[in-house]
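Each of the two complexes below includes chain A, the first together with chain B, the second together with chain C.
Right, the complex of A and B next:
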């Protein structure tokens, strides 16, 4: 019950402040339109870089939203409300991550084909692109809770958060973009997808514990 | 209600490695009120946060009878600090509903509206917390106390931002809670009336 109410509240808060939801998408769209202009190249060059660009955009646009997962709650005092409710902290972290995924990760997945079309990604790779993002975006949200919990009481923690989280996200980018790239080259992406799934399981089990510990440290 | 006692023994908090105040001792039983006073920066908020479970003591600590279990202490206490815990983009009703549910209390809309009416927010059910005045925001967070029905109230400067009727109302509210077997630990730097009523008075001293 507590899990659901926290999830529900966070989704509602994000929904009320819609800029949180469409900001990453607009950001992606703006950057992707620059690519053909900057490269001045035809469809072939774009096709080559498409897997990497779609993936990097999904990653960066999520990264800019991570800071606020716990920061807002810390600042308005509602963090105390659920940390002092007797609710298990790791469960609260999973609820926060799930809400973040629903309001950021899911739109990014749905929007990914639009970005891919603009980069002339081969039609055969769309399925794997969506699948890899479906597995990877929850990882962004889960690792994001750790970073956000670490920097929640800092004034300008956004930059620090990116520096902290980026190395952890590098393997996810390698496997995710790799899966799409292999597909465009006609190879099987199974290995990359499996490793990606492994990353997901690892972050689902460890990130809530790490984030809960970070919250405790910051409250003391 | 089973008998519960809060012991604060020789407790001291620190900031930046330096102790903030001289060690504090207090035994707070249901039916009693304790007031913490001190100058600005003397550590009132830090002490209250540590008691609530949001911070830690560098020395001493709290003991909660009968079982000194963190969970049972959390179940019997509710803390309202300077950051009130209201989400700006949720309505009063939604804020109160969240606070109740996260504390494991099932409520219906009627109970929530009644809770808001009790703190003088009748008619504001569907207003966003962001649109309320500072005093009304305070009232919204105080409505949690009445709904959650915990024994120990930990209030950090509860009278700040309230108008005269609001102060009177809160004063009556605390008195009623005490007379019904509740306990309150609060900080108030300038409210003479509450200082006179307090069963325990803690003046924070420099270490």
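Right, the complex of A and C next:
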């Protein structure tokens, strides 16, 4: 019950401040423009790097939004209220992660084909691209809650957050971009997708616990 | 009380930890220095040249022990992180934070010596092979642990608890990172030593000897350096306690 209320509230807060939602997408568009400018606009070159670039852009554009998952709640005191209300903290974390996914992960998935078209990704890989992002963006949000909880009362925690989260995201990137790459090469992506799903289950079970522990330490 | 139990409890309290480890520093340093000198001379001058790599393989006597230490120390950090987080032991916090820079240094040394060896052998300083990549990611994990600690330096207890959490998360992730990177690609040569026999690994005793001596030397150096750092860590974080001021009056 409280889970849904918290989720609804967070989505509403994000929706009211729409820059939160379109900023990552604008960022992706800006960066993707740099690639042809730097590499040359040849379709062959771009096609080769397309799986990786689409994936890394999705990753980075999510990374820049993670810092704020808990920051506002910490600063206005509502985070202390969640813990006082007797609500299970890991459940609250999952609600925060779900809201973050709905407002950044989902737009990124929907926007991914646009980026893919700009980079001449082979048509056969679109389905797997969307599927891999569908499994992976929740992982970004879940692991993001851990990083965000660790740095929520720091002024310039963004860089530190990237250092903390990047090693955890390396396997996700390997399996996710790997799945798309295998598809463009005509191989089956099933192995990569399954491992990606494993990463999702693991982060769904462990990340909320870790984030809750970090919140508790930070509120002490 | 049983002597071992008593020792165990004494090591958990900062004043007696400080007192006891004070006697260990000099012997550890001497052992580390002697073994390093012996291991390097033995490895650089007396071990036979490799049948394929000639003399350039000798960097292995620094590279391989450093690589072992880089992983061993992260394991120590993870375990003391668990102890620090669950039981809030100050000594565990000290050991964890004292180990981090040493581990990061060994990781950097591993990468550096590997790159220097890679240029003549593979023809390139860097190749995105599985073990190099996971070593690099290990360096990021070390930087993360130290980074979160220094970000909260106004409150060392809280900083240590958060750093412990980061270390634990890293410890859980290490095997996942390791295998994901392994499946991703590999050209690195096989492990230098295989305990279970097998076809890979060094068989020649005169090559193995300096390697094992260097491995011991790095362990002793780590113990010396870690205890030294842990002692000053405890002095710094406990500076308002009476045992610290007593230390300074006595000396």
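Here is the rule we use: the second predicted complex is superposed on the first by the 219 of 220 C-alpha atoms of A that agree within 3 Å, B and C clash if a C-alpha of one lies under 4 Å from a C-alpha of the other, contacts with A are read in each partner's own complex, and residues count from 1 in each chain.
One rule holds for everything that comes next: a residue touches a chain if its C-beta (ideal position, glycine included) is under 8 Å from a C-beta of that chain, and two chains touch if they have at least 3 such contacts.
As the structure is a computational prediction, the values presented were derived from the model and not from experiment.
The superposition on chain A brings chain B alongside chain C with room for both.
Taking Cα centres throughout, chain A sits at the apex of an angle toward chain B and chain C that amounts to 90 degrees, reported as a multiple of 10.
Of the two partner chains placed around the shared chain by superposition, neither chain B nor chain C is touched by A:18.
Applying the stated contact rule after C-alpha superposition, one finds that A:210 touches chain C and leaves chain B untouched.
Judged by the touch definition given at the top, the superposed model places A:9 against chain B, while chain C stays out of reach. Judged by the touch definition given at the top, the superposed model places A:220 against both chain B and chain C.
In the superposition on chain A, A:1 makes contact with chain B only, not with chain C. Of the two partner chains, chain C is the only one touched by A:150; chain B is not. When the two complexes are overlaid on their common chain A, residue A:163 makes contact with chain C while staying clear of chain B. Remark: least CA distance from chain B to chain C after fitting both complexes onto chain A is 5 Å.
Residues 220 of chain A lie in contact with chain B in one complex and with chain C in the other. Remark: chain C residues 85, 137, 140-141, 143-144, 147-148, 151-152, 158, 161-162, 165-166, 168-170, 172-173, 176-177, 180-181, 183-184 touch chain A in the complex. Those residues of chain B lying in contact with chain A across their complex are 52-56, 71, 74-75, 77-79, 81-90, 94, 97-99, 101-104. Every residue of chain A that touches chain C in the complex is listed here, in rising order: 146, 150-151, 154, 157, 160, 163-164, 166-168, 170-171, 174-175, 178, 195, 199, 202, 206, 210, 213-214, 217-218, 220.
Chain A makes touch with chain B in their complex at residues 1-2, 5-6, 9, 12-13, 16-17, 75-78, 80-87, 219-220.
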